[in-house]
Each structure stands twice: as structure tokens, then as C-alpha cells.
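Shared chain: subunit A. Partners: subunit B in the first complex, subunit C in the second.
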Partner chain A sequence: MTDVRFSRVRKAFGPVAALAGLDLEIRSGEFVSLLGPSGSGKSTTLNLLAGLLDADSGDITIGGARVNDLSPDKRDIAMVFQNYALYPHMTVFENLAFPLRARGRAFDETQIKTKVEAAAESLGVAALLARYPKELSGGQQQRIALGRAMVRDPKVFLLDEPLSNLDARLRIRMRRDIKALHDRIKSTIVYVTHDQAEALTMSTRIAVFDQGHLQQYGTPNQIYHRPANMFVANFVGEREINFVNGAIAAKDGKANFVADGLTLNLADEKRWRNLRAGKAVLGIRTEAIKATRDDTGVSAIVEQVELVGPELVVYAAVRSAQLSCRADLNADLKPGDKVRLTFDPAHFHFFEPDGGVSLAGIEA
Partner chain B sequence: MSYVRVIRLRKIGDFLLNAIIVLFALAPLLWGLSSSLKPANRILQVPPELIPSEVTFAHYETLIENQLFHYMANSAIVSAATVALCLAVGAFAGYALSRFAFPGRNLVMLAVVTVMSIPIASLLVPTYTLIANLGLLDTRTGLVLLYTAYELPIVIWIMFGYFNTIPRQLENAAMIDGYSRFDALRRVILPLAGPGLIASGLFVLTAAWNDFVVAVVMTSAEAVRPLPVAVYFYLGFFGREWGPLLAASMVSIAPIILIFVIFQKYFVSGVTGGSVKG
Partner chain C sequence: MRAWFQRRRKGASRADADAFALRLVAPALLIEFLFVFVPLAVGLYYSFHSVRFFQVGRFVGFDNYLSVLTSPAVLNSFAVTAVFAFGSLILTFVVGFALALHLERDGRVAVFMRAVVLVPYVISMLVGSLLLKWVLSQDSGVPQTVLGPLGIADFSVFADSSSAMAALIYNAVWRDAAFAMIMLLAGLKSIPLELYAAARVDGASPWYRFRRLTLPLLKTPMLITLVRLLMHFVNSLTFQLILTGGGPVNKTETVALRTFRLGFEDYALGRANALSFVVFLINVCMIVLLVKLFKPTEKLR
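Let's turn to the complex of A and B:
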């Protein structure tokens, strides 16, 4: 059993609370991403788990055993650092063998050779064993860093923004490689990132952090489709979510969302039937609004058009509000064009205007 | 005037300036070296010749007959022990200052810088009393301890700066890989701090090997007399015999020059380690 648990863990740097009472449970074999902007507490969480920082209070357990007072070398964890932290004075072979030569790990030279070669083979870096880190490309260094972490089959893998120094293409490829690695070795992985796409594509569960607080903990699907609050809704997703201030009101006995220049019927979607009338913020992603030249829908004026490959992203003004929405390539829209917007009520999110908590909850 | 000519003139100007500096710096050394190889009656000959027409090692032989190797050994033992002690203590101190935030850290740093600026001459009397009370007058141990005390601040300062250039992630990685902090320091950080260790080691070596003032105050016995003091005593012994005196000077500066020639690239990268990322 190598599950990881944080109970009421606090950590402050001087007057700043980096982590304000974290409760988090990671099950054995899970791939959990800690997602958030800089200073949100995600790296602090990882460093606390690694033993590079000491918690002010609370308990951290790995496999049921409290590790708060154990130094990093006694926690049986492996970590990949953002800058890889390869030992520059050692060859790739020596780098990979380094964890196996630590005190208390009784591997003989033959075993070390076998394990290092197997790890190098599985990451496709067997040809680089004689090189020094400075003779490697960024992607190769990244693989060596992964290899050094996996060579001794640790209980828990910690990855601290391991892909952020790679170029965009290579990052997407390494995403798949890391996912495949997890499927193969089935270790518990804790992955820190500020890139929501990485978190969504690789994780079994995502923990979203902001300002030292855990905002939401759930599957990628829940995080994306059932955000617990406005922060999560806005942070996750390729581009910023549209927020529209308005109110939920009954009209002709049916629930509607009413805002400046906008009246949206909610009656067809059963999630919204039980919402109480009152002020609310509508959150809606770009892909849930479609701009067309049809005759039905909300009137809007095109302000900006972006080509994003398979379709267009259109920024359209509805009275004082600007909404990003999608449009077909062949719609051939230009700034100034009049369009109609159609909304998909299944992808609405409603939040309290104060505090930004989701009105309908995070359940499906 | 075309820019080509300006560049050429500048280069010539630079060359002349450098040539003058080199001349001033090296002329005494070259004259000393050449004269130490001349027979006694040719040294003060007019006009002087830079390359001796007749080469003799007689002056060096005289020195060897007068216990040169004994004094050199004293200097070597004291210098080597000082370097070892300074690096051992200074590296750990520099590491601690670089990596740990502990109460009084700023005070220690301030003390290190302040102590560096105290001239050794003003410390002679109090340290003499101290060394005398400890019963370490006329011992190599006493000299080693004093040199270490004088040179430790610069070692701490250089090592502090050098450790700051080594990413913390490296020792964090080593600790997560299963090594204690001490083993991480020994296996990962110290090997990478080589240029810093060499630079500070050279500082200490030069100071300990060249020291005259402290040694002449703290020692009187011939058994522990280091080379610079011996050279001074040769002055009384040989009177105005320039040959053996110059030979002694050459012998006393040669090891330092040799070591600097060998290690100079580490010296530069060690001292400037804080400013440029390698």
C-alpha cells in the first residue's frame, strides 16, 4: 500500500501561509496532478511530501506511515525536478546508477548494470550512457531524469513541472510517454504543473490549488465539467471562460438566466431546474457558444476573429459584454459582422456572485 | 581616418601599455633569475647581461649546503596543513551560510567580512600573547593555527559565493536518491565546487607560503623556521653576496608561480564563480 495522505497540513513562510490546512488523499497507483498558478501551494505540497520542507503542523503519511520527521533519503520516493538536476560531473550511466549506490541499498555491480541498462532501454536512451549531461538535448536530459527516478522502483514518484522547459511539440509527446510509463509501472505519481492541459490529459485525479487552498479535487472530467468555483472554471480550459453577470428568474413559469441583452432558457436542462431565483454569474466556455449567420439566437457583433485550425474563435459583443465563441471555418466572419449566438445549456456553470461557489454543486 | 586604422592604432596602444606593465612586473624577477645563475664576479658587472654568458649553479649549491631543503620542508608542511585546515573548515562554513537560514547568520557573514579587513600587523601583539599562553610559540602548529585564523574569512567568503552558484536541486536530488545531506555534499556538491576550492586554496597557499611577518615574530628556533624567514637570515649570513640571496628568492617564489600556472584557469573561474553561469 503506497497511498499518500495529507491531514490538516499547514506551512507558512514568514507571514505568508503557503498552505492553509491541506487535506488530500492519494490512492495507491493513482496519477494525481497538483494544478495551480505560481504561489498557489502546489510546489510547497510536493516539497513537503518529498521532505525538502517541514510542515508547521498536520500529518503526512506514505503507505500508512507518518513521514513528517523522516529525512528525504528515508522516504523511498523519487523525484524529477523542473531543471532535471542531473549531476553534471557524472556520465549518464553514473547518474542513473547513483540512486542504486546509496547506502543501505545492497546492489552489486552486476545488478546495477542490469537495472541501469533496463531503465535506459525502456526510455530509449541506451545509446547515451557514456555521455555527460551537458552533451544532451533538453528532451534527452528529461528522459535521463525520469530514468534516474524509476531505476529503483520507488513507492511514490514526484514530478515537479518536468515538461515546462521543453518546446511545445516535445511536451505533448512526453505527456504521452509519461502516461504510458505510469500505465506500465503503476506507481503512485504526484505531478505538479501549472499547465491545465497536462493535468487534464494525464491524471486520474486533479487537485486544483489557489492561494494556499485546495479548491477542488476530482477527476479531469469533474474538474472540467463540474468546476466547484469560478477560479477552477477559469483556470482549467484552453482559454479564459466567459463570465456573465446576471440573474436567474422565472418567466412564464420557466427558469431563465437574464442578463444585459441576453435571456437564456434553462428549463430544458434538469440540472438547472432547482436553482433558486436570484443573482448569479454564468460561466460558459468558448466551445459551448456557437456564432452563426442564422436568424435565431442572441444578436451580437463580431469584434475579433482567430483561426485555431479546425474552426474559428470569434470574440463577439453582446451589449457591453464580450463573449468568446466558436464558428465554422466557412462562416467567413470578419470584425463588424452581425451574428447570432446559440448557447448549449448542458455546458452552463452558475456561480454565486459573492465567493464564486458553484450553485448547482459538483455532482453530475 | 578609416575605422581599420583606428582599430590598428588601438591595438598597438594596448600592446605598448601591456608591454610596459609586463616589463615593470617581470624585470626584477628576470634580473634575479639571470643573476642567480651568474658567477659571483659577473653579477655586478657593467654593462649587465640578461642572458648569462657563463651559467653556474654554485649559488644554489651553497643554499643546499645551508639547509635550504630543511626550510623549504618547514614552509611546505605549514602551508599544506594551513590549506587543508582552511578548506576543511571554510568549505563547511561556506556551505552552511549558503544553504541554511539560522539565527545569527547575518551576524556571522558580517563578522567574516569585517575580520577580512583587519590588517595582520595590528593582530600581531594579541596573537603573540595568545600563542605564547597556549605554549605554541616556536611550533609549526602555532603558525598553522594563526594562518588559518587569518585566511579563513576569505575561504568562507569565496566558498559561500561558489556554493550559491550550485543549484540546491542537485543536493535535493541526491537526498531524494537516498543520500544523507553529508553524503550529498561529499558526492555531489564538493566535486562541483572544485574551482572554488582551488581558488580559495591558492589564496591560502600564497599567504602561508609567503608570510614573513607572522613567522618571524612567532618563531625563533631554526628547527621550525620557514623559508621567507630563512631568506632574511641568509641576508645576515651571506652579507652582500647577491648570488645566494637571489637564488634563495628564486627558490621561494618558484613553487607559487608553478602552482598558479597549473591552476590558473580554475583560479579565475573560482573567484568569478558568482558572476557568470558556466
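Let's turn to the complex of A and C:
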């Protein structure tokens, strides 16, 4: 039982509420990402769990035991820091052995040697044990930092933006390595990131934060396909989501979304059952709108074209609104071209114009 | 540096590049030459000659050196200097280190207290020592107020050799602990806070963190602080000249004061310069010793 629970946890820095009443439950063995922009409260949450910060109120439990008043070393956690925090004056071996040696005489030197070598072996850094951190590449330092966290077999791993100092390619490879590591050791992992792609690819569940509030907590699938509000819809996804102001209206017994120059039929989906007529904001991702030279669809004028590898991303104007959409490479579109847009109703999201809360249930 | 030059100025020959580099450092070299090497050379020249009232006489070989090294007054001054310099060094370093650790966090109180600690350091040494002299004087000083009720009101700090030395060391610590604090504070600030956070999570106690993180990572700032303090205490003249005047009966007359008196009271410039060179060599030896002391575990820096 190494589940983690926050109940009504608050933390303020002076007049600024960094965390305004957090309720969060992480099950044993889960890989949970805390996702959000800077200042959203995600790092505060991690530091509270680590014991590096003290909560103003509320309870934090690890494995059922309240840990609010325990110092970091008594919480049986390990943490990996953004800049790795390797001890620069110690060799890799000494760095890895530090958590074992720091706790008095809990381990003798042969045990330490065995454990350090096992950790180094499993991360593929056994050849680097005699080196100093500054002699290592960023990726190697990253692995050592992971190894230092692993060597003690903690109940919970806390990772604070561990990949953000790596270059883009290495970051994508390390994502897979960390996921594989989690599959192997099956520990509870809490992972802080501002990179939505990292959160989507690695997590079993994602907690999205903004301005000290938990916005949504769910599986990557739920977060991506059923965002709870406009913030989540916009923050998750490779590029900004399109928002169109308009209204839901009934026509010929069918529900429609009507906006300036735009009338879209809603598919007969269960999630629209409780939708009422009235003002609404449509949220739709780039990949759910396709621009073609066909005769059907909403007319639009191309304003900008980007090549994104396998396809084009087209910014097209529909009256006053600009929508980003995708197009085939061979469509050969240029700014000024007239195109027709087709919308995929399965990827519609509707939000309240005030407050931005999702109008349909967020269950898949 | 030279590799960079050669890459940048492909057409230029190595000699051209060297000449250009020399032109860049020439002003600094000139100043160094005029104010360091010339006085040193003149001093060395004097130390091998008989000099009376600025009249350079005949060459006397090592006579000046022999004379000062066998003089009881000089030998006494070496002993006094050893007590003063090492006493002040250890106390100043410990107090400065404690202050640095205590005032490391940037709280409002800490920043204010740093300024307070700096006051003795920023006022002129002369003024500081004069102030202390008044504070400790027999007629109107603090000791009388404290010791009077105990019936020893006639005790004079500067008349007793131990208390005079203590006053001298106190003067040095009072002034230079601030210097040690600033140097060590700069070192402490350069240690990333994440290292301490990591060590806390790793289970290290405050003492373990201090021993395994702070001390090794402060090695270079500590070395610089110790060397500069040591040189300062060995060479400084103001404390002794103003506060105790070397008294009582030369019990606080350090080498610096002895040299000053040889040169500017006895006008024996040959011997004064010889003594200066002896002190210079001792200083060099002590620096080498300190650097060696700090080196062995420092494999990479």
C-alpha cells in the first residue's frame, strides 16, 4: 500500500495562494503526471509531498500514514530534480551511494557496493562509476540522478521536470526509458512536467493544474478527448485548440452549432443528450478540421500554411474567425486560396462562454 | 587563448599575434612593474647594503639578514606575530563562517544584520583601532564599568601582556570577521539549493549535509579566505601601531611593527628591508603550505 492522498491541502506564499485546497488520490503503482504552466501549483504539490515545503492546512498521506509532520528523509520517497542536483565533488559511485550512506550505518560497504552496481547496471551507466558529474553528458547525468533515486527502493518516486534540460530527441528517448523503468519496478511515480506530450505519453493518469487549482484528473485519453474546461482543452495538445463563439440551436429536430458563417451538425452522440440550446463555445482541435478543394463544407480563405512533416497545417479564415486545420501535402495550398473545411463531429467540445466549463459530461 | 587568436586572424603570423597580445596587457604590466617590481628590486638592493638615513653605503652581503635574525627584538616579534596571526586567523575564520551560515538566508533581518556586521570593516582601520583604544582605556573605558564593582578598577587592559594581546586579537576579529563572512557567504550562495534539497530527501542530517556538502564545496572560498586573512594579519601594522603601540614591553610588537620601527624610527633601512624579505619568504611558504593542505582531495576543480 503506497498510495498517496492529498485532502484539502492548501499552501500560500505570502498573499499568493500557490495551492488552493487540493484533493488528489494516487493509487499504488500509478504513474501520475502533474501538468500545468509555471506557477500553476504542480511543483508546490510535489515539494509538499517530498516534505521540502510544509502545507498550511490539509492532510497528506503516503501508504495510509499522515506525513505532514515528517521530514523528507522519513517519508521513504526519492526525488529527481530538474537540474539533477548531482553532488559535483563526488564520483558517480559516491553520488549513487549517498542515500545509503547518509542514513548512518544502515548498510555496510559491501551491501552499498552491490546496490550501487545493480542500480548502475540497470540504467546502463556501470562504466561511468569512477567519473565525476561534470565529465558526463546531460543524458548520462539524468540517468545517474534516476539511479540515485532508485538505489534505496523508495515507496514513491518524485520526478520534477527531469527531462526539461535535455535536447528534444534525447527527451523523447528518455520518455520511453522512464516508462519502461516504471513498468519494470512498478513503483508509484509522481511526475511534474509542463510538457503535455510527456504527460500524455507516459502517465496512467494526469492531473492538470492552473493557478493553484486542480483542473482535471483523468487518464491521458480523458484529458485529451474529454477536457473538463477550456483551459485543459487548450493546454493539452500539440498546438492551440480552435475556439469559436456561437450558440447551440435546434433545427429540424437536430442539434446544430451556429456561428458567424458556420453551421455544424452535431452527431447523435450520447454525450450531447443533456445539451441545452443557448450560447456556447466550440472547441475543436486542428486535426479534426480538414481543408480541401472539394465542393462541400464550410468556405474559408487560406491565410498561412505550415509544413509539419506528413501533412500541412493551414490557418484559414471563416468570416471573422481564424481556424487552424490540416490538409494533405499534395493539396498544394497557398495564402489566398479558397478552400472548404470539413469538421469531425466526434471531436467537438462545447464550453460555457463564462467560466469555460465543459457543457457535456467528461466521461468518455 | 592563443588558439582563438590564431583562428580569428588567419593571415597574421604567430609573432604578430603575440605582439598584439603584449600591447593589450602592456598597461597592466607597466603598473605592476612600477609599483611592485621596482620597489621589490630596490628593497632587495637595500637589504644587501648598509643604509643610514637614506644614504646607501657599501655592499654588506648577508650581514643585514644575520643581524636581524639574531636580534632578540626581532625574534620576540616573530613569536608575537605567530600568536597574533594564528589566534586572529582561527577566531576570525570561525566567527566569519558562523556569521555566513547564520545570515545566509535573504530575510530582511539577515540582510540588515549583514550590514551591521560590515560596519567595523568599512570604517577605516585607523578609526576603528582608535575607537577600540578609547573603549578599552583605563580612565573612561568599558572595563572600568564592568570591573569596578569587583574591586579591580585599576586594571589596565594595555598594561598586561595577555590582555593587551587579547585586545589586539579582539580588534582583528571584530574588524575582519566581516571580510571572512562576505567571502564565505559568496561561496555558500554559489552552492545550488537543490543539492541541499536532494540531500534532505536522501536522508542526510544537517551535520552530514554540512560535512559532506558545505565543507567540500566551500573548499576554494575557504582557501582564499584563509590565505588573505593570514597575509593580512601577518603584514598589518595599524592594529598594533594604534591600539597597543607594541606594548607592554614589546609583548605585542609584531614583525610588521618591528620592521616599521627599524625603518622609520631607527632609520636602519637595510635591516628593515632584510627583515621584510624574510617575512616575504615566510609568507610564500605559508601560502604554499595552505594550498597543499587543501589540494589532495580536490581532484578536479
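Heads up, the rule we're going with is that the second predicted complex is superposed on the first by the 356 of 364 C-alpha atoms of A that agree within 3 Å, B and C clash if a C-alpha of one lies under 4 Å from a C-alpha of the other, contacts with A are read in each partner's own complex, and residues count from 1 in each chain.
The rule we apply is simple: a contact is a pair of C-beta atoms (placed from the backbone, for glycine too) under 8 Å apart; a residue touches a chain by one contact, two chains touch by 3 or more.
The structure displayed is predicted, hence computed values, not measured ones.
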item	value
Subunit A as common anchor, with subunit B and subunit C clashing or fitting	clash
Which superposed partner A:105 touches (first subunit B, second subunit C, both, neither)	first
Contacts of A:132 with subunit B and subunit C, given as first, second, both or neither	second
Which superposed partner A:206 touches (first subunit B, second subunit C, both, neither)	neither
First (subunit B), second (subunit C), both or neither touched by A:148	both
Partner chain in contact with A:83 - subunit B first, subunit C second, else both or neither	both
Partner chain in contact with A:50 - subunit B first, subunit C second, else both or neither	both
Which superposed partner A:71 touches (first subunit B, second subunit C, both, neither)	both
Overlapping contact positions on subunit A, where the subunit C interface meets the subunit B interface	50-52, 71-73, 77-79, 81-83, 85, 87-89, 98-99, 102-103, 148, 152, 158
Partner subunit C, residues of subunit A touching it in the complex	50-52, 71-73, 77-79, 81-83, 85, 87-89, 98-99, 102-103, 132, 134, 148, 152, 158
Subunit A residues within the subunit B interface of the complex	50-52, 71-73, 75, 77-79, 81-83, 85, 87-89, 98-99, 102-105, 148, 152, 158
Complex contact set, residues of subunit B against subunit A	167, 169-170, 172-181, 183, 187-188, 191-192
Sites on subunit C touched by subunit A in the complex	192, 194-195, 197-205, 208, 212-213, 216-217, 219, 299-300
